[in-house]
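Below is one structure, written out as structure tokens; comments come after it.
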Amino acid sequence: MNLLDPQGPVAAANSTILVDSVFIMLAIVVPTIFAILAFAFWFRASNTKARFQPGFVYSGRVEMVVWAIPALTVILLGGVAWIGSHQLDPAAPVPGTGSPVRIQAVSLDWKWLFIYPDQRIATVNTLTVPAGAELNFQLTSSSVMNTFFIPQLGSMIYTMNGMVTRLNLRADNEGKLKGMSAHFSGDGFPDMMFDVNVISPLSFPDWVATTAKTDAVLNEESYKKLMQQGIEKGKPTYRLEDPRLFNLIATQHIPPGPGPELMSDAGRPHSGGHDAR
Amino acid sequence: MSMTATVGRAHADPHHIGVVVEHPGPAPKRTVTAYGFWVFLLSDIVMFSCFFAAYAVLVSQTADGPKGSEIFEQRNVAIETVCLLLSSFTCGMASIAADVRNRFWFYLGMTVTCVLGLIFLAIEFREFADLVSRGYGPSRSAFLSAFFSLVGCHGLHVSAGVLWLLTMMAQVFAKGFRADVLRRMMCFALFWHALDIIWVGVFSVVYLLGSGV
Amino acid sequence: MPAAPTVEAMMLGKLDWSAIPFDQPIPLIAGGVVLAGILAVLIWVVVKGHLPYLWHEWITSVDHKRIGVMYILLASMMLLRGGSDAIMMRIQQAIAYQSQGYLPPEHYNQIFSAHGTIMIFFVAMPFVIGLMNLIVPLQLGVRDVAFPTLNSVGFWLTATGALLVNLSLVIGEFARTGWLAFPPLSELSYSPGVGVDYYAWSLQISGVGTLVAGINLVTTVLKLRTKGMNYLRMPMFCWTTLASNLLIVAAFPILTATLAMLLLDRYLGFHFFTNEAGGNVMMFMNLIWAWGHPEVYILVLPAFGIFSEVVSTFSGKALFGYRSMVLATMAICVISFMVWLHHFFTMGAGPDVNAIFGIASMIIAVPTGVKIYNWLFTMYGGRIRFATPMLWAVGFMVTFIIGGLTGVLVAVPPADFMLHNSMFLVAHFHNVIIGGVLFGAFAGFEYWFPKAFGFRLDERWGKLAFWFTFSGFYITFVPLYVAGMLGMTRRMQHYDVAEWRPWMIVAAIGMAVLSIGVICQIMQLVVSIRNREALRDRTGDPWDGRSLEWATSSPPPVFNFAFHPDVRGEDAYWDMKIAAQQQSLEHEEPEYHDIEMPRNSPTGFVCAFFATIMGFALIWHIWWLVILGSLGAFATFVVFAWRDHDEYVIPAAEVAAIDRVNLEERRNLVSMAGAI
Amino acid sequence: MSDQTHMHVEHDIAPGDEEQHSVGERIIGYVVGLGLALLLTATSFFIAGTDLVWQPSIPVALIVLAIAQMGVHLVFFLHITTGPDNTNNVLALAFGLLVVFLVVGGTVWIMSHLNQNMPPMDQFIRMHS
């Protein structure tokens, strides 16, 4: 999951900006740290060779330089930030080969549901995508906030109930990656890790066909069961009954997921996360 | 070190440009107290600004409930506004009376201020009670939540002001126009006038602009 | 509630026996130990007959020095609590690889929430407020702060907040939402317990205390300065105090309003941040960070001030680029209100907004960088004595630059898209808060301890404490930077990724080293108190200081200065010393006058007592007690307003007797310095 | 905050206090303030309810009138003026107003962007059905 080992163009650009920024800053930070240590060492009271200059408390030239160095650095980095924010806006398109794959991601209490509306399938805690194609994500949440993040593919984005965020990514190489929620969402939060299978564009239709043969059906009813608080250890797959399911969730036609069940009125409620262990 | 203090030169320099005067030392207690309270009022206004911001964000989130134009009654708001403006005036009269140590005018000014404040509160309370009874309570929609909190927060401040006002009257009754009582009276007047300023924001943004949404 | 409430429900609200976590040994034992400790201290105090002393000299004291010391004491105690939370978290993450570790999620989640809340609100805040309270009036040459009684109210309300947070250990639970309690997780539907209520009410109550402290210090700096203390002659610490307290006054109301909205949602079914009825969770993020970002500068600006004093004193030079420093401080004060969106770049606000706030955030790095360079050039040409405060200062400069680097890095939106909420971020803000605020607090503690108590701290233990803390900090947080680069996100109770594990183990070892640093700090205190006679500071000026706090004795008399000092320039006390050496102190006896000082008052303590009752009752929905508590608090203020005598008089003879001793010591000091 | 500002500290006055005026002058001040405030209030209410004004300009007019009225209150009731004796009071006010402006303006701006990028549900239906 190394951020410096990107597997897609977005992550590659993000991590390049990250590394560049670090080096730009190191160029002044390292000399400054060195100067601090050197001055502190040389001007120690016991060093008789150092010249004591108690009157050196103002110098217009030094002040100029002192304001200029950080200002110039910030102007440079500000430029990087401006261009970077625009080019790497999560909603900006990421052209790829073949037709884009639409994926609707829903963060549930404490699992991820991935709906492929065009393929009429859905998966839980596994995201399977073809290499090289543009991935159009629409994201929402069934209850609390989460953040959708696949470190090696780049940019993360929040998921919120009643709202739809957008994110475009691309995975360039086949292989297995990991994704997660990056925003704390309750007791089952650490179990919101999910697998990302990047497969060849040729075998993607096969995978879709196999998945579509699943017995389990995802409709309003089974979704409501799925959104109860709890941890999903398996990786179930579904046939999608109605491709508009995501819209129903995002527009709150399906009401937000329930919270923990109350065992008693007092202090400490029990949550699904508790039982799932 | 800039020690070119010349008080004489200040006269030749009516705008006090280019003269450095030594800081004269701690300010008198009245100034210190009022300034501290002034800073408090500013922080209170910042708090109100959050409720204003929340109202601005949530004003269109009616969740199929009523809109502002459907529930606001301009006539009531106008009466409330006039009450508060007049009470600001009478509060000013009371503080002048306190400064010249005239008990009669002080009590009269404070009593009228109190009555006007209570009328304001009564109208506001009736408006709230009416809305709740029609099912348009604060839990009906985000818009109504923001409305009730902003206007209610101002109402709570007015209630606290009335409580303070009565305490001030009791203090003048028991202690007379003592220096610390006068300082508190000054803070109270600042508080009451500041509530009026906030109300200007409330009736403009909530009731007048909000009816248009 | 449709059903008619039972008598029990009316009397006790939500409270019943199940609120005590009998099934959770760790918090119960921890809480029990703390309670037993408090009881033991109380019993000791009563049996030994110290209670009247405590009551008259400390609890009801309105002396800014006493209140400052109590603030710092509170912060130190809470540092131990927050620190033990940190140790538990580091151990959990070191062992919770492919297992549940030893802390179940509901417990682990409370711990990290409490850790953040306590460290920010009840360690960092009271520590810096305590130092400002203790020192700023001395540096300004005045006898007390602007509103001494309110100062005491402010402290006790802060203590109330801390008490409520710790009460949640044994009665009920604390929030399991993280230290900012983001909705909708913190809304009633997803957090039905009392944890979030404990969180919100303790912050509301202590927030009032903080606001009072802020108003007090702003007014003190702007209105009470001694004669000749022009703005551009104030010591740097006073400037940063002014900036920091302006931020408190402007930012804390935002926190109050935001938490009020959350509480209205939870208590009265409002819809500010709920999923239903048009509530908007993004607005919570927006408002809380509009407070949260200035908060960072509220904490770090006083630390900058402390380092300015320390670096200048121990380099034996005036501060380099004083005007530049003032400008930088005030620039930070204003710009810090324009950057808050960088805490949620990843919420999807669009490129223009992200870029503008990203750049605004970087702009803050400019004045901060200027400060670093000014300290650097203060050292240049100096004669640096490496006493413990100076060690902390140099350690800070190095550490803070690294924190600044990673800070600017996460201000670049595309980089933040990968680092947001990661362990990298956790490492970054610990880097600036430990490396900036905590190092600053320790430097100030070591530097001003002799002023507050009249004896120095043991240097050997102090240096040990520095080296352990300094290296422990790096061993703990560099691995977290690495873990963040490996994609690890924060607040993980357990994880299955093998590559994270070694770094978590190293971080846990670092935590152990850090703990040794804290133990050394405690040892330093113990050893110094034991050797206090040997370490006694008779001169009032143990470090060859430059500002006015060193012009009075250690500890200062209750009135601080027999005369309001007349200031003629920057580095007021330094100028006086030079003048005194040249002319030798005039020997004629000055004419002493009576001094009026504010009387002690139990208002603060009583008010906090009622606030505690009210807060507890609100948390548990015990409405009659809420009414009782608020009436009590109001009555306290009315009783206070009714008193006839605010002040007592210290007769001139007593002032003279105290001041003569001080002057004598000072003459000796000057003549000794003259001889060298 | 230059050296020039604090030379006024010498005759600094408290917010709310006036410089030496006779009682009559002070009362007249309040009367004038009340008159102006009532006039501005009446104008606000009139504009909000009338058809004589170009409708889209009403919000702007209301905001301007509100600001004007707040100014009247500040000057005539709270006695905040630009005089040298008021410098500190005005500076505090300016800082407060800056923060209010940043918080309200920033919130409205940020939230409108967020809402635009994350269409709340009704707009979403329109876009996708």
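Things to note:
In this document, chain identifiers A, B, C and D correspond to the written order of the chains, with residue numbering beginning at 1 in each.
Simple rule for what comes next: a residue touches a chain if its C-beta (ideal position, glycine included) is under 8 Å from a C-beta of that chain, and two chains touch if they have at least 3 such contacts.
Since the structure is predicted, the reported quantities are computational estimates derived from the model, not experimental observations.
Ranking all chains by how far their C-alpha centres lie from the centre of chain D, first place goes to A. Each chain gets a centre from its C-alpha atoms; the one nearest the centre of all protein C-alpha atoms is C. Among the chain pairings, A-C comes first (most C-beta pairs in contact). Centre-to-centre separation between chain C and chain D, using Cα means, comes to 34 Å.
Separation between the centroids of chain B and chain C, computed from CA atoms only, is 32 Å.
Here the spacing of chain B and chain D, counted between their Cα centres, is 13 Å.
Distance from the chain A centre to the chain D centre is 42 Å, each centre being the mean of its Cα atoms. Chain A has residues 91, 160, 162-163, 165-166, 252 in contact with two or more other chains.
Contacts with at least two other chains are made by residues 2, 20, 23-24, 27, 31, 33, 35, 39, 42-43, 46, 50, 53-54, 57, 61 of chain B. Residues of chain C in contact with two or more other chains: 222-223, 230-232, 250-251, 254, 276, 280, 282-283, 287, 290, 347-348, 350, 352. Under the contact rule stated at the top, the pairs of chains that touch are A-C, A-D, B-C, B-D, C-D. If you check the complex, the residues on chain C that touch chain B are 142, 146-147, 211, 214-216, 218-219, 222-232, 249-254, 256-258, 260-261, 264-265, 268-272, 274, 276-280, 283, 287, 290, 564, 567-570, 634, 638, 641-642, 644, 646.
Residues 1-3, 20, 22-27, 31-33, 35-36, 39-40, 42-44, 46-48, 50-51, 53-54, 57-58, 61-63, 65, 138-143, 145-146, 148-149, 163, 167, 171, 174-175, 180, 184 of chain B are the ones that touch chain C when the two sit in their complex.
Residues 91, 160, 162-166, 244, 247, 250-252 of chain A touch chain D in their complex. Residue ranges on chain B touching chain D, taken from their complex, read 2, 10, 16-21, 23-24, 27, 30-31, 33-35, 37-39, 42-43, 45-46, 49-50, 52-54, 56-57, 61, 74, 77-78, 81-82, 85-86, 88-89, 92-93, 95-96, 100, 186-187, 189-190, 193-194, 196-197, 200-201, 203-205, 208-209, 211-212. Interface residues of chain D facing chain C in the complex, by the touch rule stated above, are 1, 3, 5-6, 88, 95-96, 98-99, 102-103, 106-107, 109-111, 113-114, 116-118.
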